[in-house]
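The following pair of complexes shares a single chain, chain A, combined with chain B in the former and chain C in the latter.
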Partner chain A sequence: MGKTLFEKIWESHIVIGKQNGPSLIYIDRHLIHEVTSPQAFDGLRMNKRKVRRPNLTIATMDHNVPTNDRSLPILDQTSAVQIQTLEKNCKDFGIKLFDINSPNQGIVHVIGPELGITLPGTTIVCGDSHTSTHGAFGALALGIGTSEVEHVLTSQTLWLEKPKSFEIRVEGKRKNPHAVTAKDIVLSIIKNIGTGGGTGTVVEYRGQGITDLSMEQRMTICNMSIESGARAGLIEPDETTFDYLRGRQYTPKNYESLVDYWKEYLKTDSDAKFEKQFTLNINDIAPQVSWGTNPGMTCDVTESIPSPDEFSKGDPNQKKGAEKALEYMDLEPGTPIMDIKIDRVFIGSCTNARLEDLIEASKVIKEQKISPNVRAMVVPGSQMVKKQAEELGLDKIFINANFEWRESGCSMCLGMNPDILSPGERCASTSNRNFEGRQGTGGRTHLVSPVMAAAAAIKGHFVDVRELGLS
Partner chain B sequence: MEPFKKVKSIITPLDKVNVDTDQIVPKQFLKLVKKTGFGKFLFYNWRYDEKEKIKSDFVLNDSKYDNSNILVTGDNFGCGSSREHAVWALLDYGFSVIIAPSFADIFFSNCLKNGILPISLDPKIVEKLQQQELDKIEVDLETQIIKTCSEEISFEIDPYKKKILLEGLDDITQTLQFEDKISEFERKSKVPSVL
Partner chain C sequence: MKGNIIKYAQDNIDTDVIIPGQYLKIHDYAELATHAMEGLDPDFHSKVKEGDFILSGRNFGCGSSREHAPIALSHSGIKAILALSFARIFYRNAVDGAFLLPIEIDEDAYNGISEGDEIDITLSTNEIKNITKNQTYKMKPFSEIIGKIIAAGGIFKYKPDQD
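Up next, the complex of A and B:
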């Protein structure tokens, strides 16, 4: 029987294989950031251990960094300590760090691909659940905890139980791909399979709806794999993948010979069997807006807030969850999504802060200003994205519309830096999680695509971007 | 890591599904660079209101559960962020067993690395356990049996994970015994270094 892409990557990284129980898997790339690494380095020091492969380890600071003027000192002392701790750890253990002033600084999942560090067929880990992003390149990319970060630093391996394989086919063609985006595809998937639908699996996204996407759009899809509970999400690499990586700063010297090998080897065999399967047809899908407190609580922009009964389909626990969510979100069943007024807009995060996201969002503006009731910010995913956007004049488009144009970082996706919602504020956000308090205690998050967020900023409420004639 | 011992305690019922790690320990407490002292931040936004006053209707604020070591909760517990701080908070607060119909993968793995036993059981049994008012239950990892006042419930765990927990083994020490295999793999690997 043939093998899936995931099985091929898995098998080619087994150091010690076991039929039952976990296998020891070799890790090709380890990305680290300031929040989930300090305790791991402490562990190394306590046990007098070294970093086994500093040349496979790359660090940056993204979660805590302020996104205002980089020449100013960091006011939050605990954030400053965490950032200084990463600097010291990288220095002590010989790890390459893209620090706060580096032109390569950015969200770890944005810089890995744009620097050519992320490669097809590799195993990639990071102490961050959105590591699944790198799966867009046909890599097996896993989010891990801090104990596992320490394990990888010391041994360059991890004990992993082999996840099941899950095929998600995305079939059909969107009528207007500028209005209905990769974000809407992945939110539709999660809405259908649920936030636990992918647990214990590695998802492979397949079908024309996926191969049609650019690399940046594929990253949006794989990024949110974790929101369905999946261990990882990946996409078979093709010419789009190979073209993207060609000539980047850290792309290997023998790149073309690697491409030849990847083309031959990195594909799911036609007779391979997946253990789980789901198909989404995207011919008629609408822009998505989340209404609740997990990404599965999502509906079409043209719909109204569902009642807990409608949402739960008879499951009493889901019903209770929906009731709690509506209470937290201060929403009534039956309210049209387009009637929901917003206070804040956040365009950013490892899900949607790449150049293409900013280009698409800027097209919505058309010399309009944002609603006087809305405060909106754009936080590019990396310094490189910011620079490229400024070369295209996007900063001016956003600033003229009264958006704030910021420095790169995770920012208001999780609000570890000063960018947070105030209690009760409602935000249209291009990030990945609408959990209670995620963007600030008492804050209310609606997950949307970059074009939906930009349009909501202008109108002050959600609108159906298919009506805007985007091209 | 401390070896896992038999636990006998009343349960704390947390009747919620999809509890994410942002709820278990909110982001404002992730800036600390140590593993200790996270218990006071556990479920912070559910325990305290915006003025940091205790919310009396949240289960952890009910003093009858103060000495409980067993959390019994809903489906997909620990979803979302990979933050191990969530597990450090549960452990520091005093929980050493978590029972739920299902767990998120990264959270499950983080529990085992810190000596917390996560047990998945049929939703109906979990529901029954949640109603176990103030009678102590006993969780024995050795025999894989949960004893309540009225019945014995068996649970599954992978033998390797069981050994790690029971003996309190350090994962890394185990792995480093395979140094020769790791080096051999590296000699054959075709993947180029980053730098």
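Up next, the complex of A and C:
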């Protein structure tokens, strides 16, 4: 029987282990940031251990960095300490760091790919659940906790149970891919399979709906794999992948010979079997808006808020969850999504803050201003994205519409820096999680695509972006 | 292992409510523990006692990979989480640092155990005894690798068999 892409990558990285049992897996790339690494370095020092492969370890600071003027000092002392700690740790252990003033600083899952550090067929880990993003390149990319960060720092390996394989086929063609985006595809998937639908699996996304996507769109899909509970999500690399990585700053010198190898080896065999399967047809899917407090609580922009009974389909815990979510979100069943008024807009995060996201969002503006009741910010995913966007004049388009144009970082995706919602504020956000308090205590998050976020900023409420004539 | 239950009869308790993002800058575990479950239950810190267990529904610990979540619970005194299912990163974080035991239970245990019940967990027989109600339930056995990591006391103490 043939093998899946995931099985091939897994088997080629086994250091110790049986084919189907727990295995010690070799890690090719380790990305670290300021929040989940300090205790790991403390552990190394305490046990007098070194970093085994500093040259395979890359660091940046993204989670708590302020996104205002970088020449100003960091006012939050605990953030400043965490940032200084990462600087010291990288210096002491010989790790390459893209610090706050580096032209390569940015969200770790944005800079890995754009620098050519993320490569097909590799194993990649990071102390961050959205590490699944890198799976868009046909890498096995896993989010890990701080103990595992320490384990990888000291041994370049991890003890892992082999996850099951899950095929998600995305078939068909969207009528207007500028209005119905990769974000809408992945939200539709999670809405269907649920927040636990992928638990214990590695998802391979396949089908024309996936191969049609650009690399940046594929990253949006793989990024949110974790929101269905999956360990990782990946996509078979193809010419789109190889073209994206060609000539980047850290792309290996023998790149073309690697491409030849990847083309031959990095594919799921035609007779391979997946342990789980789901198919989504995207011919007629609508733009998506989340209404609740997990990413599975999502509906079409043309629909109304479901009642807890409609949503739960008889499951008592789901019903209770929906009731609690509606209370937290201050929403009534039956309210049309397009009638929901918003206070804030956040275009950013490792899900949707790449150049293409900003280009698509900017097209919505058409010299309009944002609603006077809305405060909106654009936080580019990296300094490189920011620079490229400015070269295209996107900063002026956003600023003229009264958006704030900020420095790169995780920002309001997780409320660790000063960019947070006030209690009760309602936000159209291109990020990945609408959990209670995620964007600030009492804040209310609606997950949407960049074009929906931009349109909501202008109108002050959600709109059917298919009617905006986007191209 | 005996303890009393704090029950959250709901699914999808995420790591953002277990320890909200604004506290991830805290380096001191005792201080971190004072904010455990703050996003869901502001009374948690005042009611939790050393040795308590949490009981909850499906997909416990979903979301962020922050190991601060099991650390905050563990340093609040929680010794085990009993849940219908766990998100995988939380599950591994809980055992890797030997912070607490993630115990998968079935619907009988989930429905049968109430807030405040005294529970006795026996890992060698995979049994959960409800002392308060005089009922017994089965827990899902740990997988081979997880059982070994737990027995060793975390991944840094685990030594692989050379078989």
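In this text, the second predicted complex is superposed on the first by the 468 of 471 C-alpha atoms of A that agree within 3 Å, B and C clash if a C-alpha of one lies under 4 Å from a C-alpha of the other, contacts with A are read in each partner's own complex, and residues count from 1 in each chain.
Going forward, contacts are C-beta pairs under 8 Å (C-beta built on N, C-alpha and C of every residue); 3 or more make two chains touch, one makes a residue touch a chain.
These numbers come from a predicted model, not from an experiment.
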TODO: With the two complexes overlaid on their shared chain, look at chain A and say whether chain B and chain C clash or fit.
DONE: clash
Open item on the list: Once chain A of both complexes is superposed, is A:N64 in touch with chain B (first), chain C (second), both, or neither?
Closed with: both
Open item on the list: After the superposition on A, what does A:I285 contact: first (chain B), second (chain C), both or neither?
Closed with: neither
Open item on the list: In the overlaid three-chain picture, which partner chain does A:I168 touch, first (chain B) or second (chain C), both, or neither?
Closed with: neither
TODO: In the overlay, answer first, second, both or neither for which of chain B and chain C A:R438 touches.
DONE: both
- [ ] May I ask you to decide whether A:V379 touches chain B, chain C, both, or neither, giving the answer as first, second, both or neither?
- [x] neither
- [ ] State whether A:D28 touches chain B only (first), chain C only (second), both chains, or neither.
- [x] first
Open item on the list: For the overlaid complexes, name the partner, chain B or chain C, with more touching residues on chain A.
Closed with: B
Task: Touching both chain C and chain B, counted on chain A across the two superposed complexes - done: 16, 21-22, 24, 35-36, 38-39, 43, 47, 63-64, 76, 78-79, 81-82, 127-129, 143-148, 150-151, 159, 161, 163, 195-196, 199-200, 226, 229, 231, 294, 317-318, 320-321, 324, 414-416, 433, 435-438, 441
Open item on the list: List the residues on chain A that touch chain B in their complex, please.
Closed with: 15-16, 20-22, 24, 26, 28-29, 35-36, 38-39, 42-43, 47, 49, 52-58, 63-64, 76, 78-79, 81-82, 85, 96, 117, 119, 121-122, 127-129, 143-148, 150-151, 154-157, 159, 161, 163, 195-196, 199-200, 226, 229, 231, 250, 252-254, 258, 261, 294, 317-318, 320-321, 324, 414-416, 423, 433, 435-438, 441-442
Task: In the complex with chain A, residue positions of chain B that touch it - done: 15-18, 20, 22-23, 26-28, 30-35, 45, 50, 74-76, 79-84, 87, 102, 104-106, 109-110, 113-114, 158-160, 171-172, 175-176, 178, 181-182, 185-186, 189-195
TODO: Quick one: which bits of chain A touch chain C in the complex? Just the residue numbers, please.
DONE: 16, 21-22, 24, 35-36, 38-39, 43, 47, 63-64, 76, 78-79, 81-82, 127-129, 131, 143-148, 150-151, 159, 161, 163, 195-196, 199-200, 226, 229, 231, 294, 317-318, 320-321, 324, 414-416, 420, 433, 435-438, 441
Task: Complex contacts: residues of chain C adjacent to chain A - done: 9-12, 14, 16-17, 20-22, 24-27, 39-40, 57-59, 62-67, 85, 87-89, 92-93, 96-97, 143-146, 149, 154-156, 158, 160
